[in-house]
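You will see chain A twice below: alongside chain B first, and alongside chain C after that.
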Partner chain A sequence: MSKLKLATVWLDGCSGCHMSFLDMDERLITLSNQFDLVFSPLVDFKTFPEGVDIALVEGAISSVEDEHKIHIIRERTKMLIAMGDCAITTNVPGMRNSFGAKAITDHAYFTTADLQQQVPAVGVPALIEKVRPVHEVVPVDLFLPGCPPSADTFYTVLSDLLAGRTPDIASLTRFGA
Partner chain B sequence: MSPTATSVDVKTLIINGENVSARADQTILDVARENGIFIPTLCHLDGLTDVGACRLCLVEIKGSPKLFPACVTKVEEGMEVDTNSERLVHHRRTILELLFAERNHVCAVCVANGNCELQAVAQTQGLTHVRLPYRVGRLEVDTSNERFVADHNRCILCSRCVRVCAEIEGAHVWDIMGRGINSQVLTDLHEPWGASSCTRCGKCIQVCPTGALFDKSKVGVSHPKHPEFLPYLNMMRDGQ
Partner chain C sequence: MSQTIVIDPVTRLEGHGKITLKTDDQGNVQEAFFHVTQVRGFEKFNEGRPFYEMPALMARICGICPVSHLVASAKACEAIMAVEIPHTAAQLRRIINLAQTIQSHALSFFYLSSPDLLLGMDADPAERNLFGVAKAKPELALAGVALRRFGQHIIELLGRKRIHPGWIIPGGVTEPLDAAKRDEILGMIPQAYGNVQYALAWYKKIAEKFKDEIENFANFPTMFLGLVNDDDSIEFTDGALRLIDATGNTVLDKVTADQFDHHFGEAVEPYTYMKFPYYKPLGYPGGSYRVGPLARLNIASKMGTPLAGKELVEFKQLAKGPVHGSFHYHHARLIEVLYGIEMIERILADPQILDPHVRATAGVNRLEGAGVAEAPRGTLMHHYKVDEYGKMVWANLVIATGQNNHAMNRGVLNAAQRFVKGSKLEQGMLNRVEAVIRTFDPCLSCSTHAFGQMPLSIELVAPSGEILDEVHR
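Here is the complex of A and B:
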């Protein structure tokens, strides 16, 4: 039997969800017998592959690059999981929504810059006007709130999914957990 | 049977198929809780007058197409109450989503994170995401009081602060201004809190279910609220 294909993605978040994922520690080794990690900031694959079974998406949709990526991820993934509060509520990245994108780039690249005052046009994707939760852009199959979800939450949810069970998310975690 | 027992007006009713008995002056919420039946609430607080502001405690009563707030609906003989129908679950979830979408309820950067009743109720109702687009307003944060802060972005307009200030402290500094989505709690006639007639008793801080009213000394540390002083205070006052 071929192993389940797992991907993890880091959009506009702090990587705290990935850190918490790694905090499963030795339990991750036990679980890893049951899946192949086919795409992740933790491994060195450059393109998001076809036929992914589960994708854990950290972070909100904040840039044109995030928007581009999330459509590809959705197309190539059976079960898309919004991982953590940034993906679900926009959380801290979304706090710029009350100022607008221009106020942010102006502050970062003009007001507080002493030299070379310019908005970078190469290598850094443009910010979209409003930060959006993942489910406003593509359909999401499961929501895993928390800032970040705890390692125990990750372990229980992944164990359940790998065994074909539906995890009871609300009993495990909440917004801001 | 003793003479006093006969003088109590007892009603019998059915909640979720279960026969329960109640005194005539009790609300559906009182009786449900006495019988271990959970009805979610946000604006209700033991020790304050109920106003039915949050609508989370809505229940169905057989024979009426309307929904009734359990906290302000008195029991009646033969009433058949359903507290957990599919329709109610749907409405409660929508109410919570509207609350989360209306103002800033980013838990991760809230002083009340982990001690918030809105956050806790969302979890008990299985809310894992909000289907409505978030409004991104920016309301005032009033830091003019030397000890306390009012962050209107976190307020759900439950009016507990208004009631505790008027009913228990007797100062009635807090009230609600505006209508609909523009409603906001205010101190005196919209004076800054620090310049108002506030007595600095801190009762509103303890009853606020979210991080809207908080103590400056608790910023960056855990800020549990202690509304349980209220029934005790009322009991001691009644005893005098």
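Here is the complex of A and C:
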């Protein structure tokens, strides 16, 4: 049997969900015999490949790039997992919604900067007006709440998925966990 | 005809960036840009919330160094409250901040950079990752996993959670340490020593193979900023700021958090969301400086612990005056891990560490406050203003990595000029350009840019702007 193709992606998140994934420690090294990490900040592949079995997506959708990426991920992935509260509810990134994108860049690049004030726009993606949870943009197959979900949660979920079982998320984690 | 080379995303970084290189007609790199592709708005969306929520909220800036944000934020809140926190609380915060430095340095050195160091800059990209290291040299990968676990587990024992522990609050911490937990930490220390000593010995052996990289990776004179104690030893949580110039002379000393804005400003460039802090009297970019492990080791004259102290003496022999080669960030990181273990052991030996009095309380006594701490990647500053009810009205944050922004851009240009020739593009050359960024261990807002496209695209652009040819691979 060929190994499961796993991908992990960061959108607008703090990387804490990825760190919690790494918090599986030695268990991650052991589990890694059963999957190929085909796209992730941890490995050097630059393209999100076709035929991904499981993609863990951290963070909310907050720029035009995030929107673009999540569609590609959805097209190329069998099971898309919204990993952590930011992906599921927008959580902290969504707090900017009551201010709007312009207020964010005005504060960062005018109010609190004192030289060459401008909104960066060369080679960087524009912010979208409202941050959105992943499932508002593309269908999501599994929701894994937590800020972040614990390493034990990741271990149980991955072990279940690798064994072809559907994990019982409700017993493992909750929002804000 | 000129070319544009895009490396996107830069991988094995804590966060995502993108690099654009522009060449002249002969294929020589003329310009380099390191783009950070996301801005998240923490300086703004806190407005209207109570200041005492800030540590828990600001921790969500970063899942790798949440503890540094918790500490800097709590210190800013304590300036607003005008309280001094109990001694034991301050010592417990020092422990948790060191634990975080250890785990974060382990992530940088073993998980992200050891693939380059062990397998080589030209290794097969498919193997060039932690799992590749685990296959080629399991003891190295496992030492890294164990050191990261050591730091994370201490954070969990103190703060109940490995990531975003809510334990650090304005006024101190929520609960004291008990003897059982202290003894558990002490029990883990011998193994941690073994792992870092092993890594240091290994690194010193292999460093010889990277002469060219050491010579060419962001190796230029700059100023350095960091915290230091009264006795000139290295510090992460308390102490005061010192800025030294490229020859090692002290430019500023004993600078406190509330004076930060007076000395340092922030400039903006059009190609990145990350700002460029600078020392005001010298302007931008002349007043750019570096922070982080290399800066801290250059600024302090001693570590203040025996084993790391010996390593520092050896480290300082790498150069006359400050060490400027950014490749040495790797080495500095390991010395700081050793220091962290020694210091945690020392602080835990004090019986007062179990004192149950770990929290001071007060309301709003000032309308403004700032706090500084050393994050693993360098000096971190939180500055808040509140109204009389303690509602946040304004915030400015100077994040560690931003202060290395200018040096990273310069470093990428240097390395690109040395290792990339437009006529002949090879994997290893481009990986070296990315590896320059990795030496700084930047912690970026997390976002990749434009993937789904080819990993590397080269466009041949005529002076008119017309695209004459395109190569993807």
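Some points to look at:
Convention: the second predicted complex is superposed on the first by the 177 of 177 C-alpha atoms of A that agree within 3 Å, B and C clash if a C-alpha of one lies under 4 Å from a C-alpha of the other, contacts with A are read in each partner's own complex, and residues count from 1 in each chain.
Rule of thumb we're sticking to: a contact is a pair of C-beta atoms (placed from the backbone, for glycine too) under 8 Å apart; a residue touches a chain by one contact, two chains touch by 3 or more.
If you're wondering where the values come from, they're calculated on a predicted model, not measured in any experiment.
Contacts of A:53 after superposition on the shared chain: neither chain B nor chain C is touched.
Contact with both chain B and chain C is seen for A:95 once the two complexes are overlaid on the shared chain. In the superposition on chain A, contact of A:174 is made with chain B only, not with chain C.
When the two complexes are overlaid on their common chain A, residue A:147 makes contact with chain B and with chain C alike.
Counting the residues of chain A touched by each of chain B and chain C gives the higher count for C.
Chain A uses residues 91-92, 95, 98, 147 to touch chain B in one structure and chain C in the other.
Within the complex formed with chain A, the chain C residues making contact are 7-9, 11-16, 18, 20, 33, 35-41, 43-45, 47, 57, 60-64, 66, 107, 111-112, 125-126, 128-131, 134, 141-142, 145-146, 148-149, 152, 162-164, 265-273, 275, 278, 283-284, 394, 396, 431, 443, 445-456. Listed in rising order, the residues of chain A touching chain B in the complex are 82, 85, 88-92, 94-95, 97-98, 130, 133, 135-136, 140, 143-145, 147, 169-170, 174-176. Within the complex, the chain A residues that touch chain C are 9-20, 22-23, 25-26, 28-29, 32, 37, 41-48, 58-59, 62-63, 65-66, 68-69, 72, 91-93, 95-96, 98-99, 103-105, 107-109, 111-118, 120-125, 127, 147-148, 151. Across the complex, chain B meets chain A through its residues 100, 104-110, 113-114, 116, 119-120, 122-131, 133-134, 136-138.
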